[in-house]
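Both complexes below contain chain A, partnered by chain B and then by chain C.
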Partner chain A sequence: MMPAGSATWLWDKLNVFATVFLGIFVEAVPYLLLGTFASGLVEVFIDRDGMSRWVSHRPAAAAISGAFMGMIFPVCECGVVPLTRRLFKKGLPLSAGISFLLAAPVLNPIVILSTASAFGWGQMLLWRFVVSLIIAVVVGLVFSVQGEPDEVLLPVLSGGDHDHVHAGAGDSIGGKIRKALLITVDEFFDMGRYLIIGSLLAAGLQTFIAQSTLLSIGSGPVLSVLVMLLLAVLLSICSTVDSFVALGFTGAFSFGSVLSFLVFGPMVDIKSTIMYLQVFKRRAVAYIILIPFMISLIAGLVFNYFVK
Partner chain B sequence: MPQRMFRSYQGLILLGLCVFFISKAVNGQLTWYINSRFVPLTIIAIVFLAVMAQTIFSENRRSRQHELEHPEHHHEHDHAPSSAALWIMIIPLAIGLLIPARPLDSAAFTTKGFNTSAPLVSSDSSAQIFETESQERNILQWLKLFNYQDDITEFIGQEASVVGFVYFGDELEADQFFVSRFVVSCCAADGFAIAMPVRWEKSNSLEQDAWVVVKGKIQSIDLNDTRTPMIVAESVEPADVPAQPYLFP
Partner chain C sequence: MKPRLTIDSLAIGLILFLAAIAGFVIWVGESAGVSVRVDLPEDGLVGPYHAITFKFSEVVSAEMASELIALDPIHEGYLQTVDDTSVRFVPLQPFDPEITYTVKVIAGETNIKGREVKKPQSWEFRIREPRVAYMVTAGGQSGIWSADRTGRGAKRLTSEEIKVVSFDVAQGGDFIVFTSVNQNGGIDLWRVSREGGDESLLLDCGLDRCTTPVIAPGDTRIAYSREAAGPTPDLPFGSPRIWVVDIESGADGPVYEDQSILGYNPSWSPDGNRLASFDGLADFIHMIDFTSGELVLFPSTTGGPVAWSPDSTRLLYTTFEQTDNGGRTLVMLADLSTGETIPLFGSVDVYDNAYYSLAWSALEERLVLGLRMEVDSPSRVLWVLDPSLLEGIVVAQDPDYTYNSPQWDPWGGALLFQQFKMRGQFKPEIGLWREGTNQATVLAEGILPQWLP
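Take a look at the complex of A and B:
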């Protein structure tokens, strides 16, 4: 028998850590594959500057159309990062890409259905949609003053850019699919490692920081919103299912606080932040995190103070 | 690292992930990590990983052949992608193989906490739970009923039969224990525990985390100022870990 105490404690913790980590990883892999495969298909089937012909270059119009592109590319926060980078390569205007990046994890058919099945076709769904749209468009407009995507994107070091696809892949449909699959592999490895680092971090924090302490300090109209925002980052769960998790908080937390969780979580969490940092320059990442944070906070406060 | 070797490693890792997922799907442990309704997505991912691995290996074969046929072409792609990326991708496999799989249990209570009440999902109605035979209701359904029905007199004395693992909480008396389950919406990361108090005179013969079937009559008690269903046990029998250790809201 092992002496009871620290050794068993550590072993128990390690087991919880492994289960939570594999939980996030197993859950995220299909979505990451979907996003990277979409990126591969975009690369081979949309020609250079294809996107720039379809999307308006006026900043407001671009930001709004970018926000609704999630309806066509139903990706969540893991898949959206490589796909956005690829769409930039195809001439997508900066403001459209940024608002796509932030909005797609919420404004897509899958997430709308899952939110509705948790909360019903009502206020929560409506405001989640509206506030996410506002944030995406605002951040998109902020970025439109930057001009070109190259000014906020990091140069691509491996994988994505020089696709290691051998000459002679051919222009047949089969050849194109094969090329798309090779790009999928490269991007899966490129983004997958950041998904893994992010999941390790999230699982570690969850294993050692008590959620109950966090929830117990979270009373009051201001603190409760802050706690929900922090929890959204900490939990790092996929936007397709976070409504069911949020539902668990509705007893203890107000409408505004839960709404801020549902709006901010899909835009910013540990794994998506690490993925952003590989694609965008640091200053851009700061804007991508801080503006949604501010607006989610304000939205939560407005609901807590002024609505019922 | 030469391009082709890098590709081979990529292919092997993809194959490894694919086999790992298949083994979890076959031995039924996928639901220890994710909600069962996402299992079809994992199956799709398995097919995808296999196709990707196959593409990589055939690409390598093609490139080798190309080199044999045209030795005069110097291979342009001989730059070395960093091998760090490859090492990181092995981490999930290493964790999955080295740490024995175990569903969430009371070890997670200290950080994840546990509840003796549960919210109602809009797509289920209390009427539906109401119609469920009392012995068919699980822990989650009992807690929901007590949360959402104003009048619970009807449930008092009903026969209950629930499966869960044993947890000894400080808030209970010596002849009581909690029978608990984790509720998982998405994956183990969002799991939270729910628990129903049980009164049984031989409570202290039980071991923490042991899976049991509790049969008995429902009673209402006040726990942390909340009306909570308690089972006055007639029998507590050891049980196997259910095929799906978690409940899904």
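Take a look at the complex of A and C:
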């Protein structure tokens, strides 16, 4: 029989776990729905020829244009994964897709406005935008050397369209929208389970690794950045609202540390990593995580040490 | 054959390269050590009570950081912790206007983790020429103006749309807090910089009237009188109570939980630890010590702002008492260290001198008070004296005028005051007396003069 103290402790932890899980999941679901809906619309309304015409196939141009596609598709990190998967299917170059995947959660009008309302139209907004853009373009360029997308994408993507819903050229607008909605539902449930797994993991880690413990060790120019990078992964907050959470850290953490949180969090967190693993091969996911991590770390360090 | 670049080699190479850059940044950053910034303006000119804030680039131990800070020449003051990375030097006495000061931060450890300031740094500052702030009322308008010590260079600080009711100047001289009527009929607290033209609402009092703001030394807290609005617009405002608002945190609330304690004319001690105010209903001056929470009462029927000694250990106030010779206004001296209160003037006066307008300068041996020189005359004079010797000189005594609201400059060498001509056209003027001169001069037309250091 379990001692009463242990049972209370477990019950408290379970309560925290459930609250955190619901917090992350409920916050992310609408954005996943938006992303899958955008994915459905892309599937139905954009064909491969159109995609080829709109996006440059030169690596640098593709990476830069991909980074700014978030201005057209304002999705956060939960919705960007299914949309990117769909865009890859439509022939989006790898470099553009990777740039879009990493940049769209920050370089979109909603996140720009939410960052501005938290920090004002100043340095934080500027540098969040600039560093995110640099990371997205650099990672996009790295992936541009990959001639065969099959080498980094999971087979379900590179092997052609396996969806059972197809839009015919002669369909009416109403018919196309109905098909887009069917795709939305399919993809929502497909990616949704990974969102649940990711949210469960994030909630578990947040329950058993106290935020206060991390914050207490987070002093110093290096440790503070590392702690904020870890927090960004652990908290798994949607990029549309993370600025307001980051604002709470500004008293205790330096500008550079908070900046690294705001740059890295939208690109990599637990739930988005689980979702990346459904689209990319493992080593590609490793690059998508490690390169942004290193650049975010360097940005935080540079601000902590040299920009006062 | 040229080897083909693969994503793996490129990505791994890039990650290693970035790791090397991160290592290099850490190495260079660690070599540079902890850096320090000091909040001094580019021209190095500050107010005489300017609190110097040292902002370190990392979390520091206030105790260890204070070991690294020095001021040349040495000046009396104390270090205050602002936050994890900042400490502030608060001067207890005004800086000398004749001296160029050097702030130094020497090399040494800033926290127990061994982080160090590696490069000694220094900054210089001097004290700017103080100006004079005053109110001008004309044609239904009232605004705050400032002029230099000769009365020249007068300029309006508040815009014409804002009607100023009262104001107070921060000890550091960097800003002014004033009151203005709002659209609801309440009175709000506003703030404007010493340069003017940038008024901003400091405290929205809604339907309540917030009046007589007095900024505490250190310039972070403001005491004011607050009269709560009646339940309906046709009912009168409530009695005034003393509130304090913290500018940095925004915390705002009444000083006394006991709602029966009323108060106006708040007055901070020079060290900012005590606050005195007058309760006209109970006929007491209440003095609260914020460090100990102790409340001391001084019986007074006349009220008026109290005058604090420069070291904050004594205070002067007036009261009216019946003596064997009749009713007399007394000037009382309360010693807070001994708890003793004695009459300084008035108890043996032949007639009632109607003492008022007390102000103790930064110099221990110099205070000013207003009094009636002739029993039948409405005219008042200003008397500058040494409180220990009870000797002094009358600095303003034109029988056609009456004088009040004396304000010492931060060094106790010059005195601003209000003068009204009692015959002919009503014309309030600002007068100035300087040490070493016999005659006061008129600076400007206006009311409620205060130094803008």
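Quick note on the criterion: the second predicted complex is superposed on the first by the 292 of 308 C-alpha atoms of A that agree within 3 Å, B and C clash if a C-alpha of one lies under 4 Å from a C-alpha of the other, contacts with A are read in each partner's own complex, and residues count from 1 in each chain.
Everything that follows uses one rule, which is that a contact is a pair of C-beta atoms (placed from the backbone, for glycine too) under 8 Å apart; a residue touches a chain by one contact, two chains touch by 3 or more.
As the structure is a prediction and not an experimental result, all values here were calculated from the model.
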Q: State whether chain B and chain C clash or fit side by side on chain A once the two structures are superposed.
A: clash
Q: Scan A:F306 for contacts with chain B and chain C and give back first, second, both or neither.
A: second
Q) What is the contact status of A:L126 with respect to chain B (first) and chain C (second): first, second, both, or neither? A) neither
(Q) Applying the document's definition of touching, compare chain B and chain C: which contacts more of chain A? (A) B
Q. Is A:I72 contacted by the first partner chain B, the second partner chain C, both or neither?
A. neither
(Q) So in the superposed three-chain picture, is A:A7 touching just chain B, just chain C, both, or none of them (first/second/both/neither)? (A) neither
Q) For A:P221, is the partner it touches chain B (first), chain C (second), both, or none of the two (neither)? A) second
Q.
Taking the superposition on A as described, I'd like to know which of chain B and chain C A:I173 touches: first, second, both or neither.
A. neither
Q. If you stack the two complexes on chain A, which partner ends up touching A:F143: first (chain B), second (chain C), both, or neither?
A. second
Q.
Based on the superposition described at the top, state which of 2-10, 146-154, 164-172 or 200-208 belonging to chain B clashes with chain C.
A. 146-154
Q) Can you list the residues of chain A that touch chain B in one structure and chain C in the other? A) 251
Q: Could you please specify the touching residues of chain A with respect to chain C in the complex?
A: 138, 142-143, 145-146, 151-152, 219-222, 251-252, 254, 283-284, 287, 290-291, 294-295, 297-298, 301-302, 304-306, 308
Q. Where on chain C does chain A make contact in their complex?
A. 5-8, 10-11, 14-15, 18-19, 21-22, 25-26, 28-29, 32, 35, 37, 57-59, 83-84, 113, 115
Q: Report the residues of chain A in contact with chain B in the complex, numbered from low to high.
A: 12-16, 18-27, 29-31, 33, 37, 117-120, 158-159, 164-166, 168, 178, 181-182, 184-185, 188-190, 192-193, 196-197, 200, 202-203, 206-212, 215, 235-238, 240-242, 244-245, 247-248, 250-251
Q) Any idea which chain B residues touch chain A in the complex? A) 3, 7, 10, 13-14, 17, 21, 24, 30, 32-35, 38, 41-42, 44-45, 48-49, 51-52, 55-56, 59, 62-63, 66, 77, 81-82, 84-86, 88-89, 91-92, 95-96, 99-104, 107-108, 110-113, 117-119, 121-123, 183-192, 249
